[in-house]
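Below: a set of structures, written as C-alpha cells.
Shared chain: chain A. Partners: chain B in the first complex, chain C in the second.
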Partner chain A sequence: MAALGRAALLLSFALVVYAVVAGGYAAWRKRRRLALSAQNALLAAFGTTLVAAIVLWSALARRDFSFVYVSEHISRALPTGYALSAFWGGQEGSLLLWLLILTGYSALAVFLNRRARDLVPWVVPVLGGVAVFFSFMLCFVSSPFATQAAPADGAGMQPSLQNPYMLAHPPMLYLGYVGLTIPFAFAMGALLSGRTDERWIVLTRRWTLAAWTFLGVGQLLGAHWAYVEIGWGGYYAWDPVENAAFMPWLAATAFLHSVMIQEKRGMLKVWNMVLVALAFCLSIFGTFLTRSGVINSIHSFSQSPLGGWFLGFIVIATVFSVGLIYLRLPLLKARTKLESLVSREATFLYNNLLLVAFCLTILWGVVYPLLTQALRGETRSVSKPYYNFFLHSFGLPLLLLMGIGPLVAWRRASLRSLGRMFVLPFVAAVVTGGVLLALGYGSSTPGLLAYTFSAFVAVSIVLEFVKGSRAAGSIFRLVSRNRRRYGGYLVHAAVLLFAIGVAGSSAYQTVRERGLQPGQSLQVAGYTLTYERLDSTQASNHTAIRSTIDVSRGGSHVTTLHPGKNTYPVEQTTSNEVSIYHDPRNIGDLFLIADQIDKNGTLYLKALVKPLVNLIWVAGFLFVFGALVAMWPDAVEQRRLAERYAPGAAVA
Partner chain B sequence: MIALSVAAALAVFILYTSIAGAGTPQVLPSKLHQYAGKPVTLVGTVVSSRGDAHSNSGMQFVLRDPQDAHGRVMVVYHGTVPDPYKVGRVVVVNGKLSDGRFLAQSGSLSTKCPSKYTPAKPGSNT
Partner chain C sequence: MTLALVLAAVLAVAAVAFVARPFLHEPAPRSDRLDELGEADRRRLELVEDRDRALAALKELEFDHRTGKVTDEDYRAQVGPLRRRAAEALKALEPRAEARHERITRAG
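And now, the complex of A and B:
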C-alpha cells in the first residue's frame, strides 16, 4: 500500500510539472490543444493525489503501524474518528492535505472557467507551480509513506487533539489557506496574459469569498476548541501560529473590500494585485511558521528541514508577483481618480489602510524575535499588550467605519446628506455610551468605546435593511435582489456580535481561584460554587476524574458542574476537562477549571465568569449565513457580467 | 496617497516597539545570568520537578538549555500548570533571576504544542 501511495504522489508531481512546462509554453505560443492538455494534467493530478490520500486514510483506519506516520500519530485504542483525523495531525499528512485541496480547487477552478480562453491558459502554469512545490516536498522531503517493521502499538494522539473540533478546525483552515491560491493564480494569470481589467476579479470573487469564509470559520473553530479543551479560559492568545491564520484573513478582508472599488470605479488595480499576492504569501508564511520552528510558539511542529524550503518558496512567490506587478504597471493604471475624501470609495480606502496596517503590525510582532536576533544579537519578543494596543488602535476605528461606510454615497457625499444619515446611529451611540457609563462600565475605555461604536454600527445596518425593505416591498425580495450587498451587511452584523462578545468577555470578566475541601464554597460574580465530591470512571483509552460542583445564586440552585481531568496511559499525559454553564441572563459563561486535584481530595478550582462570550460563537453562524448569501449565484448578475466581458467570457 | 498613509500607520508601531514596547528578551538558562534582575522569557527543558504550584513554597523545577545540557537554573513557580508539562519537555516561563533562582511570574508557564514532541525517525524507509 505504501508503494502505491508513493507512486501516486510521484505521478502527481510529474503531472503538475507537465502542467507548468506545457501550460506555460502553450500560453506563450497560444497552442490551444497543448493548453487543454496542461489543464487535463491538472485535473488528473487531483485524481492521483486523491489515491495517495485514500492510501493514507486506509492505513490510519486499519491501524497499519508499518507506516511510520500511522505509528507516530495513533494507537489501537484511539476511536476511529480521531484516527482518521490524524491525517492532518502531523506534518506529512497535513502537507498531503494541502496538495489534495490545492489540486481539487485547481481542477474545479479550471473546469468552471474553461471558456475564459485568454486567461485560463496562463492560470494553469501558476496553479501548477504551487502544486509542484507541495508535491516535491511530499515526494522528496517529507513523505507520509515512510515504512518500518510494524510495532505492536502506536504512540497515540495527544489528548488535547482528541476533540470533535479537531475533526473540522484544521481542514477548514486548510480550505481557507489553499483557497487563496485561486485568486492569486488568476491575478498572476491576468498579469501574464495582459488582460488586467476586472475580469479576473469577477471570475474569482466567489473563490475569494469561500476561502475567506473557511479561514474565518477555521479560526473560530480553533478558538472554540481552545476555549473548551485547553482549559485556560481563553480563546485567543496572540500566539505566532494563531496570528499566522489571522494575517491572511485580514489581507483577504481588505482585498474583498477594495475589489469593489475596482469593479465600480476602475481604481486600485495595483493595490488589489498587491493585496492578493500578500494574502497568498501570508498563507504560505503561516505554514512556514509551523514547520520551521524558528519562532517560539506553543503550536510549532518539530524542527525540520521544511522551514528552509518554505522560506525559499515564499521568496520565489514574492519576487515573482512583485516583479510581475512592476512589469505590468503601465497596464494597471486607474480609470478614474478619487473625487472626494468623503465618499464611499474613500471610506473603503480607510478600511483597507487600517486592515493592512493591522496585518503588518501583527507580522512585525511575529517576526520581531527574528529581527532582534539578527540586528541586536538577542531574541526579544512582544506579547499581549503589544497586540492589544494595536487591536484597539486599528480595530475600534475599523468597527466604526463598518457603520459609516455603507451610509456614505459613492463619488462625493454632501454634509447635509451625511447629517441626515448619521443622526440616528449617532444618537444611539451617545445614548449607549451614556447608559453604560451610568451603569459603571467605564472601567474599561476600549470596552466602552467598542459598545458605543457597536451601537452606531447596529443602527446603521438596521437602517439600511429598513430603507431597502420599504423600497423593495419585503426583506426577502431586498436580499435576493442584491445578495452581495446584503450578505455583506449580515457579515458586518456578525463582526459586530463578535466584537461585543470579545469586549464583554475580556474587558469585563471576573476570575477567582482557591483550594477547596469537600463541602467548602467559592464566591464569584454572584455565584456560590460548592465542592461536593470526586468520582472516577474508566473509558476506552483514559481514566476520567470528575468533581461535582453545586452552583447556586441567591440561595437557589442553578446547575451542577463537573470539571476534572482525564489521564491517558498510552500517551502518558493528562488533560484538563473544563465544565461550563451557559448563563442566558448575560449570554455569558460560568467556566470552571479543576486546576489541580490532590491525592487527599483537595481541589484547586479556578472559576471565570465571562459575560457575552457566547455572542462570539453565535457570530460564527451569522458570519457563515451572510457569506453564503453573498456567494449565492445570482442569475441577473451573471447575465450582466457575461455581457460585460463577452465574447467568450463565462462567469463562475 | 495609499503608500503614504500606510507608511504613516507603520511609523506608529515602529515608534511603539522601538520606544515604548521594546519587547521582552527570550533567553536560555545558560545566558540567564546576563539578565539578573531583569524581566525575561526563559525557554528550557525540564530536568527535574518537585513541589506543589498551589502551595506557599510553590513548584520548583530545574531547566537546562534545550539543545544541550548547559546552564541549569532552578525555577520557582506558582499557579496553573499546563497539562503537557513534565520532565523532558520544553517550557516557556516569564520572570526574573533573583539570588540564583528564577522567580517565575504566576500563571506564566506554558509548554510547547504536543506535536512538537514527535520523535525522530531512525531507520525509516522513505
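And now, the complex of A and C:
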C-alpha cells in the first residue's frame, strides 16, 4: 500500500501546483471557470492527502514494518493508541499532518467563502503555494512511504511520548500553526486583489480566533505533558521548540487585538498586515525548529535534510509578504487618526507593542545560539534568566494593561472618568499588595507585583460585567449582544488565573531533596514524606519500579505516593515517573520525583511543593470557554455583514 | 501492488474529473468573467464601512456613558461630532448621492 500513499501524495502535489498556476492565472485574467477549477483542485488535494494519511495510519495500526517510518517509530509491544499517535511522532508523519490539516482547512475556507468571488480566487494560489512546499517535501525530500524488507520488530517509541497528552498535544499545536495560514492567505489575497477593505478580516475572524485557541490549548497540553511526564518538576523550560509555539501565539494575540482597531476606527491597516504575516512566518519557523534538528531539544527530531528547504521557504514567504505590503502601501492608508494617547485604542496599541517586543526578544533568544554557531562556530545558549527578565519586563505591564484597557473609553478618556473607574481596582491592588507583604510574600518582587496587578485586573473584569449587566439589563443580554468583547474578557480572566498559577508555582515554590533508606523521612513545607519500600512490576513494553511514600501533615496521614522509574528494553531507555498529590488547600501540588534508585534500595527523592499550580490547568478550561463565547456566531452581526457584502449591494 | 496502482488510478481519474467539473458543467457559458468590484462599488463599500463604524462608535459611546466610563461632560462633547459623522455617512449612501458621486467620478 506504500505505492498508493506515494501516488496519493504525488497527486496532491500536482493538484496544488495546478491550484497555484491555474488559480493565479484565473485571478489575474478574471477567468471564472478556471478559478472554480483551481478551487476544486484545492478541495481534491484534501481528498488525496487524506488517502495518503489513511495509508500511513493503516500501516501503523497493522505494524507493517516494511514501511521504514513504521519500523523507526513503533514496536509490536506498543499499545495501539500510541502506535496510531506515531503518525505525528516523527518527521515525515508530522509533515503529512501539516499537509492534511492545511488542505483540509483550505478546502473548508474556500468552500465556506465561495461567494466572495472577487477575493477567494486570489486566496487560492496563496493557499496552494504553501501546500506546494509541504507536498514537495513529502514527495521528494522526506517521504513517509519509503519501504524496506520488513524487520521482525520496530525501534519503538520514545517513552516520554507514550503519554495520553501526546495523543492531543501535537495535533492541537498543528491545528493552530496551520490555522494561521488562512488569515495570512486571505490577507495576501486582499493585497493581491487590491481589496484592502475589511472583508478579509470579516471572513477570517473566526479562523484566526480558532487557530489562536488551538495554539493556546496545544501549548497548555504540552505544558501539562512536560509537568507529569518529563519529571523535572516544571511545565515550561523556555525550550526553543516550546518558544517556537509561543511566538506565533504572541503575534496572533497582538493581531487579534489590533484588528479590532481596524474594524472600529479604520486604523493600523499596515500593522495588521505585518502582524498576520509575522504570525504565519513564525508558525513556519516553529515547524522548521522542530523538524530541522538545528536545535538540541527533547521535542526536535534528529538532524535532517529539511532545514535548508524550510529556511528557503521562510525567506520566500517573508520577501513575498513584505514586498506585497510595500507595493500596496497606498491602499493601506489609515482613514482616521489616534485621537488621544489615553483611549481604548491607545491601550491596544501599547499592548501590541509589548506583545511584539516580547515575541521578538524570544525570537532573538532562539536565533542567537544558531547564529553564533553558524557564523563563529561557537556553542552558546540563551537560558532561563534571559527569558525571565523579559517575561517580567513585558509580561507584568501586559498583565496590568489587561486591567486598564477595559476601563478606558474609546477615542479619548478624561482624567475624571479614569479616576472614577480606577478607584476600586486600585484599592484592591494596594490592599492585596499590602496584605501579601505583611504575610511575608515580599521575597519575590515579580511574584508580589504579579499578585498586585492580578487583583487590579480581577476587579476591573468583575466591574465590567457588573456595570455592563446593569446597563444592558442582564448578564445574558450583555454577553449575547457583544460576544466578542465579553468572550474576550473571559479569556482575560483565564490569562489572569494562568498568571496567578505561574507566579505561585514558580516564585513561591519549595524544593527539598535527599537520599532516603526505607523508614527514613523528608520534611517539606509542612509535609512529612516517609519512604516505605520499592516494588517492581512488568508491563507490556516496560518494567516499572515504584517506591511507596507515606505523606503526612501534622501527624495525620494525607496520602500515599509512588514516584519511580520505567525501563523500556526495546527503546533502551529509562524514564522518570513522577507522583503528584493535588492539595485542595492551596490549589497546589506536592510533586515527587525519584531522581535515582540505587541497587541497595536507596532512593534519592526530590520533593517540590508548588502552590496554586492547578490554576494553570483550570485556566485552560476558562480559556476555551471564553474563546468559544467570542467565536459563537452573532445572528444580528451576520445579517449586517451579509447586507454589507451582498452581491447586489456592493459587488456588481 | 496491483491493487494499490488500480486505487491510485481511480483516485487520479476522480481528481481530474472534479478539477475539470466547471468546464464539463458549463462547456459554453454566457459569461466566463469573474466578479470584481467597480470603482462605484468600492466607493459604496467604503461608505458602508464608514457608516457601520460611525454607528458602532455611537453605540459604544452610549454604552460607555451608561457604564460610567464616559462622564456626562465627555459624552456631550463627543456625541455631537459622532452623530454628524453617522449622518454624513448615511447621507452619502443615499441612492441620489451615490449616483451624483458616480457622475462626478465619471466626469472627473
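The definition used in the following text is that the second predicted complex is superposed on the first by the 637 of 652 C-alpha atoms of A that agree within 3 Å, B and C clash if a C-alpha of one lies under 4 Å from a C-alpha of the other, contacts with A are read in each partner's own complex, and residues count from 1 in each chain.
Following the convention adopted for this analysis, contacts are C-beta pairs under 8 Å (C-beta built on N, C-alpha and C of every residue); 3 or more make two chains touch, one makes a residue touch a chain.
Predicted, not measured: the structure shown is a model, and the values here were computed from it.
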{"item": "Which of chain B and chain C A:L43 touches, first, second, both or neither", "value": "second"}
{"item": "Which of chain B and chain C A:V624 touches, first, second, both or neither", "value": "neither"}
{"item": "Which of chain B and chain C A:A428 touches, first, second, both or neither", "value": "neither"}
{"item": "Contacts of A:L282 with chain B and chain C, given as first, second, both or neither", "value": "neither"}
{"item": "Touched partner set for A:E378, first chain B, second chain C, both or neither", "value": "first"}
{"item": "Which superposed partner A:K264 touches (first chain B, second chain C, both, neither)", "value": "second"}
{"item": "First, second, both or neither for A:A190, with chain B first and chain C second", "value": "neither"}
{"item": "For the chain A and chain C complex, residues of the former touching the latter", "value": "1-4, 7-8, 11, 15, 18, 26-27, 30-37, 40-41, 43-44, 47-48, 51, 117-118, 121, 195, 197-198, 263-266, 335, 407-414, 416-417, 420-421, 464, 467-468, 470-471, 640, 644-645, 647, 649-652"}
{"item": "Footprint of chain A on chain C - complex, ascending", "value": "1, 4-5, 7-8, 11-12, 14-15, 18-23, 26, 29, 31-38, 41-42, 44-46, 48-50, 52-53, 56-57, 60-61, 63-64, 66-71, 73-74, 78"}
{"item": "Complex contacts: residues of chain A adjacent to chain B", "value": "68, 72, 89-91, 143, 145-148, 155, 158-161, 231-232, 268, 271, 293, 296-302, 338, 349, 352-354, 356-357, 360-361, 364, 368-369, 372, 378-383, 385-386, 389-390, 393-394, 515, 565, 572-576, 593, 595-596, 598, 604, 606"}
{"item": "Chain A-facing residues of chain B, complex", "value": "1-2, 5-6, 9-10, 12-14, 16-17, 21-27, 41, 43, 52-54, 80-84, 86, 92, 110-119, 121, 123-126"}
